């Protein structure tokens, strides 16, 4: 594995920060990335480049379909000229992962077979040629994954922009009574690897949002005076910010372990843990962000809530942190081997 | 809780009978089934702040005014107020009794008038305003004709209210006000506002403030809605530019405004958070939360049950705390610091409930899939942070509890004696 | 010991005599003063004076059995003060556990026989339910009672029995062919009985293992009736425990705030640092909530108007007070810093009592689920 040296890392960080800073909200960063020569960077430093990219996307509170590139690349579906997007599942997560139940979500996060299709697209179906839907189903041999590539136009009528926390994401909710027909690929082996890569990227992005949020609130608590002092001098404020910082650092550590080339025994589990840890960190950071911005932070004009929303949206994709931790717990109970990622 | 049975004395019984007679004629009694949890029926809106479009909000305010007028004309508009200003001159026990009985009936929500105007500003005017202002405004307020708002907080003066900087300068036989107020509820629906202003910057900050009753329709008063992160706009910024206020609208002494402010703030019992919010109350209802678990197939999941039980234990204990406080109030015991504990718990309980629901609902929180009781939790999630901030932040409340109840030393280095002019404030340099 | 002037049959659920707030305040002051005066005294001396001088063991026993006939409100006052001072002794085992079992057992003969001794304090007693697995339940018992020509005998082992090694009267829940039954064993000279004190986390709450090898026992109530009795006992016992926990919380809060006011670091009292100040405020808030929950349970058991159902209120109190005591006891150590970590400082004794109380009826793994079941979920 090529380790990225500090200088390269700083250079790339600066370029990416400028890129996302200049990007029009909602526009595709891929052309600008291509200009940067990103494909070569990614080839030279597969994991580190992705981490940097998504961290900067997170910092910039930018939203795009870049995650598709990561996941589809692992599935070897990124090569063709057809513009593809993945349909990320949202249905069935209420049920506990249960491989025996055919109607529940596949434990590795695919759509249940035969059920109405419900998911999230990271861009409008109008800019895609094909949508890739991962289906999970129970087989006698265990859980299986099938990928189906359908024409985007088949689902265009069933898509509408996301609301709530995700209203600024430019993402779309898809809800179709049944999956349209398309080209099926059975027993997709790389799916767990693709899922893991996606989760690591999301973890990096969440951490980026958190770091930007923490900088914002530290700046605010230094500038905002009440009772004649910056509110950051009050212990209840500074201690909570310290907790937030610790959470972020912990999440970064777990992510870097998950992404190492001499991968541990269970890269999928490490990725799950990295995303869960990032999700936990954002819960703490965002709570404190809102509390210390005070009433002004509750207004729509303040930028605080945009961090809150974005982090919540990212946490929700590919399994929110509580769901992932429940999943991990279930694996432990099922006797999974949990060797420590680091031997001290 | 059957308070009319618990009350003693023939005089109270007669009052109760009068209240019932009035309400039986003027309103519909709630059906027991109105309170039933019917998962999947009706609106699934579950928010702490409403996101009503303007016409809906105006209609609600009109209905509130009408009901207030009806109450006033029947002698129940201001139960504890003095008769000379349209009140009934009875005790706070009568007030509680009325509220408890009224709760059994379906009536318009008068919160927009009562939470701030009638509950806080009315008593303040009664205690501090000049005679002609009392006579002119108090009956009108309690009749629902005049809505009053509170012009206290400023962008630079939130927790540290006394550091406010909106100026009032003597001008002829009146005053000229200039400055900016923020987080003013219902300012756009109010006729008057109680404004705290800086009248002497050379005195220590608490000692150079004066209170005024401002005509919200006067020239120079500019109300602009603040949009919340939860989507709605219940609060405003109010810009005051050369607003003229006659001296008889000064409330309290010149430079004696802090005393007036304290009267207002002491009346802030359950203004933010607390019983008023019907919709959000579902979020702390065990039957509702149970129905949510059941609808999501998690009723038998041990981990979900555990989290529900942890939440429910605190919700139930907070209910018990409130119940016992009410019983003590009935017995004439003055409310103690448990009110702030109750507010702290309410904020925490509602916030935990919103997060619990979000966890159960999972990714369906993201997109409005039309499924009842899923996406709707977004609004509560986005509005609960306000509970730990508005009406006194959790940090300030803990400071107050620690200092006043537990006797711990005050924050060091807080300057209350230097002239206001010399104090460090945000944006006034390093 | 039969009483001469007791009516032939006295209902266990006689309405409790009521007291005024003033009277309860006086009771509180008396017990507080006693507990302070008795601090560090040998346990048997404390017990003797508690029963003879203060007479509090008679408080909640109905008048017909030699008691004062007061209710849970009054009993709670005593329990709070004893919990506040961590006063050692068999009060909880005797009055709360055994006393409740007798009050709820429906067996008039057993009540007449044993309650008077409990009222005077001449009989110390306890209730033995848990076995090696530590579950407070009438299900799956391995301690069994069998009926012979000469009466019942009990065989098996009970574990973690409060005051099990010292109690003169053991009320034992044992399995019978008809279901769990409640039995009485007078420990003195009982054949086949061996008792072993256990080294426990909380020395102020002695626990014992009791082995029964064909020990003669008297049946109380009906065979199979113990399950219902235990449920009622659990309501009373958890509510009583809640009162004790509230007392302990109060002691920890006072210790923390007192220390925070006096201990100087960095040139000022540590209580002027917001981290400490807010910690104390959090402890206070949790304590208030716990007190409200315990009070509501007492009101419910006494049948006060407007109170919730007793089983539910007790379950709420048990959960809230157990969690709160644990939190406050831990934070109390935190506020005191290093000194609280020493053996000599009382902070750890409250921590131990908080933990042992939390686990007494199964711990959070059990009491949260039980709360939901009581609430009908």
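Residue numbering begins at 1 within each chain, and the chains themselves are lettered A, B and C in the order written.
As a working rule, a contact is a pair of C-beta atoms (placed from the backbone, for glycine too) under 8 Å apart; a residue touches a chain by one contact, two chains touch by 3 or more.
Everything numeric here is computed off the predicted structure, so don't read it as measured data.
> Based on CA centres, what chain would you say lies at the far end from chain A?
The most remote chain is C.
> Of the chains shown, whose Cα centre falls closest to the middle of all protein Cα atoms?
B
> Report, in whole Å, the distance between the mean C-alpha point of chain A and the mean C-alpha point of chain C.
Between these chains, centre-to-centre, one finds 51 Å.
> Between chain B and chain C, what's the gap in Å when you average each chain's C-alpha atoms?
Distance between chain centres, rounded to whole Å: 42 Å.
> How many angstrom between the C-alpha centroids of chain B and chain A?
Computed from C-alpha means, the inter-chain centre distance equals 39 Å.
> By the touch rule stated above, which residues of chain B touch at least two different other chains?
395, 398, 411
> Could you say which residues in chain A touch two or more other chains, in rising order?
Residues 234, 236 of chain A each touch two or more of the other chains.
> Of all the residues in chain C, which ones touch at least 2 other chains?
Residues 274, 278.
> Tell me, which parts of chain B touch chain A in their complex?
Answer in residue numbers: 153, 155-160, 163, 182-183, 226-231, 296-298, 301, 303, 359-370, 375, 378, 381-382, 385-386, 388-390, 393-395, 398, 411, 413-415, 423-428.
> Help me check something: in the complex, which residues belonging to chain B touch chain C?
Against chain C, chain B makes touches at 1-2, 6, 286, 290, 299, 302, 305-306, 308-310, 312-314, 316-318, 320-321, 323-324, 327, 337-338, 341, 344-345, 395, 397-399, 401-403, 405-412.
> Which residues of chain A touch chain C in the complex?
Going by the criterion above, the answer is residues 234-236, 239.
> Provide the residue numbers of chain C that touch chain A in the complex, in ascending order.
Checking each residue of chain C against chain A gives 273-275, 278.
> For chain C, which residues are in contact with chain B within the complex?
Per the stated touch rule, the residues are 253, 257, 260-261, 268-269, 271-272, 274, 276-278, 280-282, 284-285, 288-290, 292-293, 295-296, 305-306, 308, 312-313, 316-317, 319-320, 323, 368-369, 371-372, 375, 377.
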